[in-house]
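First up is the structure itself, then whatever we jot down about it.
Order of writing sets the chain letters: A, B, C and D. Residues in each chain are counted from 1.
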Amino acid sequence: MRKICVVITARASYSRIKTVLTAIQDHPRLLLQLVVTGSALVERFGNIIPYLEAEKLPVSAVIPNLLDVENTTASAKTTGLAVIELATFFANLRPDVVVTVADRFETIATAIAAVNMNIPLAHVQGGEITGNIDDRIRNSISQLADLHFVSTENARSRLIRMGLSPQKIHHTGCPSIDLVHRHRDFNFNPYETYGGVGSQPDLNAPYLVILQHPVTTETGHSKWQIDSTLRAITALKMPSIWFWPNADPGTAGTAQGIRAFREQHPDLPFHFFKNMESHHFIQLLKGCVCFVGNSSVGIRECSALGIPAVNIGTRQRGRERGPNVIDCLPDTDSILSAVRHQLAHGHYPGTRLYGNGNAGERIAEQLATIPFIIKKHLFPA
Amino acid sequence: MRKICVVITARASYSRIKTVLTAIQDHPRLLLQLVVTGSALVERFGNIIPYLEAEKLPVSAVIPNLLDVENTTASAKTTGLAVIELATFFANLRPDVVVTVADRFETIATAIAAVNMNIPLAHVQGGEITGNIDDRIRNSISQLADLHFVSTENARSRLIRMGLSPQKIHHTGCPSIDLVHRHRDFNFNPYETYGGVGSQPDLNAPYLVILQHPVTTETGHSKWQIDSTLRAITALKMPSIWFWPNADPGTAGTAQGIRAFREQHPDLPFHFFKNMESHHFIQLLKGCVCFVGNSSVGIRECSALGIPAVNIGTRQRGRERGPNVIDCLPDTDSILSAVRHQLAHGHYPGTRLYGNGNAGERIAEQLATIPFIIKKHLFPA
Amino acid sequence: MRKICVVITARASYSRIKTVLTAIQDHPRLLLQLVVTGSALVERFGNIIPYLEAEKLPVSAVIPNLLDVENTTASAKTTGLAVIELATFFANLRPDVVVTVADRFETIATAIAAVNMNIPLAHVQGGEITGNIDDRIRNSISQLADLHFVSTENARSRLIRMGLSPQKIHHTGCPSIDLVHRHRDFNFNPYETYGGVGSQPDLNAPYLVILQHPVTTETGHSKWQIDSTLRAITALKMPSIWFWPNADPGTAGTAQGIRAFREQHPDLPFHFFKNMESHHFIQLLKGCVCFVGNSSVGIRECSALGIPAVNIGTRQRGRERGPNVIDCLPDTDSILSAVRHQLAHGHYPGTRLYGNGNAGERIAEQLATIPFIIKKHLFPA
Amino acid sequence: MRKICVVITARASYSRIKTVLTAIQDHPRLLLQLVVTGSALVERFGNIIPYLEAEKLPVSAVIPNLLDVENTTASAKTTGLAVIELATFFANLRPDVVVTVADRFETIATAIAAVNMNIPLAHVQGGEITGNIDDRIRNSISQLADLHFVSTENARSRLIRMGLSPQKIHHTGCPSIDLVHRHRDFNFNPYETYGGVGSQPDLNAPYLVILQHPVTTETGHSKWQIDSTLRAITALKMPSIWFWPNADPGTAGTAQGIRAFREQHPDLPFHFFKNMESHHFIQLLKGCVCFVGNSSVGIRECSALGIPAVNIGTRQRGRERGPNVIDCLPDTDSILSAVRHQLAHGHYPGTRLYGNGNAGERIAEQLATIPFIIKKHLFPA
């Protein structure tokens, strides 16, 4: 049995890797070692432990380490703490491979601990491009990884151009799209299941889904950026389902913007959720008339579903996208005009840009079969 | 005044960056903030504090953080600790730029703390190639850095192929070569000045200089690898000046090999030093008939001086080299035959492969004049 | 000049030690090294940096280290982080004495770092008793300290009974009382100066001041405990000035209780402040008809001022108190009846139980003159 | 099943607690959670993992965290790291009780993590007195602990005088004495079993056992102190079995003293061991004519066995002792004269001062049956 240690640091990463976890768990020759840390353990950013329990995914270790201070020093220290404690858990769990996901700051901690300890490192979602600091982190992790599971052919080419060995790069598609291909029809009441605050608009009428994070290189701007979106959506007077931002630097500004707006406009048909299981989120997404925000959801999941998406600002700059996406600046007029255009257009045909829906199984199969050549074995002992 | 924070984590990095430190210190528009950490504070790996004091280079902070356990977990934890505490010191020192050097594991800690905190990061010696885990670290740091000071044109091309912006890459030459170009004739007695152990061979006769580190991806092999070298040099019966290995994983094996050999062969004309100031080291190097080992010194400094060098094993695989270098496997016969070939050949003409001797000044001047465009200022506040 | 390093970890500790800081700063033979860390750097728990700037107290180092997760693991990890980084700053600042205040968890980090490093440790407010986990911490720190500045004769006796050397225990009075003795009449508008939320009751009419923290050994109970108080004060319909709780475990429950109550009862004459400079807080306190809560303010400051105080629950159990304090259980009826009794009674005469108002100067003078016998000098070198 | 988490930070602590571990492991209602950290994981200070495996004691977690730098900053940082990671492991292991042993610096880390997390803390060997910094640590831990297992009646009285509740203090005897009462006759060859360096004196002739640690408050003096002992024993020309010192600050001086002495006097009948399983150590001790050094072994184990002991310097000052102990200053003449006196006297009758040999079982039984009243349950939820 190969021991595969997957480290999850945030709600978003869990959604992206979920089908990989299940496929590892179901694979006869793999043993899943799941380590949960960072904002993935904090209630207000979406504690994923209950979801893991619901999926019967066993947790090998929890490592609470998120610093409170909303500034960039705190973010660096959370990363440092993660390196320290992941090293200890790797020394105890002795995994054959460590898997890290995407491009959040804490994911580089996973990479550093594994590489330092000569444990083969697999990276999911390398080679992509977005418009912010995440690109640097993602590429930096790609340089550290021994094994790459990429979402698109473009991503594969980009890694090869960066000097990485083509044999180590596997184009498996993006596991976050797997869930989209398995979605079912709307079969739950989100207000009852997830609570949240605000009005409870009728979801049989046309509604929007909105998810806007702070931009890590523009932390001082998060409040006015969310304000622009809030004003634009207010002008539309449409039922809207909003999600709270992730824990990135700048999140306090985004959260404050939302809270202040809610106090001033208690009567708008807006509902706010903290978190939602991915399969429910996909159902909700599938039912909406337009997605708005700067999450990769607009580009990744929505391209598979053909949902019209309005992508705001720089956060996804450069990410490969289907015809369903319109980009706009983070000002009220631009957002308003882009959403109106998408509403007029309606649904798009879905694309296979980010995969066929079987990335989870393909990644698990590769993890079970790839020979790991560890350099330290090159010479005879 | 721009505040330039340089973080030094090891004796070797200090030698490489020394002329940059002096040039920053002497620059009218730069303020040097020198932070010393890792093995650079530990006596047995070469505490650099006395050298800094001798050079009148003021130290802004010392951060002792090297873990003792000689295993890879310890190395990861030292890196994590460094991220945590560097973040705190950056928050207190508020540098305009952070400078990190080369490719040791701890140097990625500097990069992570700076990038996390949106402080512009300059990287010296990016784009080079060696044959071990250092390549991954170096490239990973390059992906994180905002500004690159490279040693060779090849290094520059390699960074551009990796997707980095050409405007941010400055070919300044390698600062470790600056010292070589400033070397003076032999004007000190190394035994009196640095103590050390072993015989005190006459340095007017032909002698070798030997510096062999453990290879971080072959940590279990460090003892037999140094044994091969010790046996080869013994067969030559030549006066030899040896230096202790650095603090990388595997160092205990290398050190143990040297100690056991010394007990068995107390009468050989070998002398062992822990450390030496760079300008003295250059003098010693200039006087030798051949350099042996796996340090970059053989390739970098020796190419400028035209010193014959025998480069053992994989540690420098891929690094650009002049005609003065012969590579060999880490076995006694290969080493012996390579050294004999070099002794027969004698000196080579020096090359300018790694620069003209003014890299320190050029880097300082760039740091003083380059406009820093921080992404977070892209949008108006 | 003796270097005196004072470590402040929370808003409350700053208020307690403020006159000591000023006295050290003003002393011709002392150099103040002020280190600020923990919740004292976090906006929502009362960042003290602006107050230090206003007082012209120079900060030698800030160490942001508060973990976010509201659970006891986070509290332990914050303490561990503090030990690590305080050790580094002590190694850089090289203080002659380290001063730690009172009994918060993070203050033991200061003690451990100093004692580990053989730096003389002075402890302010040892030997007191309260009703919770703080007693253990306080006594544990007393056992580590080299020098004790106590508030009362009872505290001194208690330390001697614990086996500590009488010569090392100095009865100086409590520095937090110094401010009380220096208070001026009400000369500021708290709503304008400090903002806050809620109604703005007329402070010329009789008003209450309320400060209730979570109890660290009853963390699961913090919400219903604050609810009891909120209901009791609501029944009184009196103007009330509330302060947000500190960062102790359980604080989320207290904060949530206050927030939910405010939403349901937006019209009550309640105002909520996050923080207030100590001298302003004393003015506000002096003007109130009764203090309610579980802060030591009710016992310490109010005893000097003769302000009637209602002390709720176990948090101050055992602390020496004057006749101005009535204890009650944390249920609405008990609180209501206790407050009504105090309102009927009116002001009490002030006492000198906690000192004469010159504790700051006395402590500074001792720090300047006490000979430090460090054990390591017992033997000749 | 109650989960009992025992944290071991050093070889010495393992010897002290071994019979408690076995008794917990054998108890039908207790589950042992063994956490190993600090110098107990480092080869040169005596890695205990092989001994645990030999005893079939399962290890729940290893936490390598010992910093290398031989100075007091490193010691503080190791303590801080231990707090951080123990908190995480406690959060994962969810023990019902945490057990900490004696008085080393790292043991306070165990106490702080447990108390911070509201986990009941049991302390073994509280209330004793020695002559150095350990007293402060031991008393500080006693103040934090919920439950005390003490070695002697005097220790119990001392804790009660310190204000601790008599009901929580259990006089069980010292578990390190249990092994003494179970010792068997000499049945192994120490040179074959443990290697070591130096001559191999005949152990059928009279021999000494010597164990001298650095004194943590006299770190600068460790070299001359061991030199005094080395010279005294040399003058006696007796076969001697020496053990290397523990990892306390100052250990480099002690080790350096031993190494230099060995080089100068290669022919003396001295043998040096790094480490030895406790049951073997007891056999070796039982066979010797005199114990010399500053370890508690001379006072504790030797009193039960009636072995003459020479106790050097301040390290054990104040510890209760039987008639078998002679104290002396750390100078050659004093040591020489004390050892000669003991050799002339010969064996003493054994005492029961430190227990009857069943402390392990008694502690396990208490851990299984004592009701844990956690303060946080005082109020109804």
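Operating definition for what follows: contacts are C-beta pairs under 8 Å (C-beta built on N, C-alpha and C of every residue); 3 or more make two chains touch, one makes a residue touch a chain.
Since the model is a prediction, treat every value here as computed from it, not as a measurement.
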If you check the contacts of chain C and chain D, which chains show up for both?
A, B
Find the chain most remote from chain C, comparing centres computed as mean CA coordinates.
B
Nearest whole angstrom, what separates the Cα centre of chain B from the Cα centre of chain D?
42
From the C-alpha centre of chain A to that of chain B, how far is it in Å?
39
Centre-of-Cα separation between chain C and chain B, whole angstrom
50
Please list all residues of chain A that touch 2 or more other chains.
64, 73, 77, 81, 84-85, 88, 91
How about chain B: which of its residues touch chain C in the complex?
61-64, 81, 84-85, 88, 91-92
Could you pull out which chain D residues touch chain B in their complex?
41-43, 64-71, 73-74, 77, 81
Residues on chain A engaged by chain B in the complex (per definition of touch):
72-73, 75-77, 79-88, 90-91, 105, 108-109, 112-113, 115-118, 132-133, 136-137, 139-144, 158, 161-163, 217-221, 225, 314, 330, 374-376, 378-379, 381
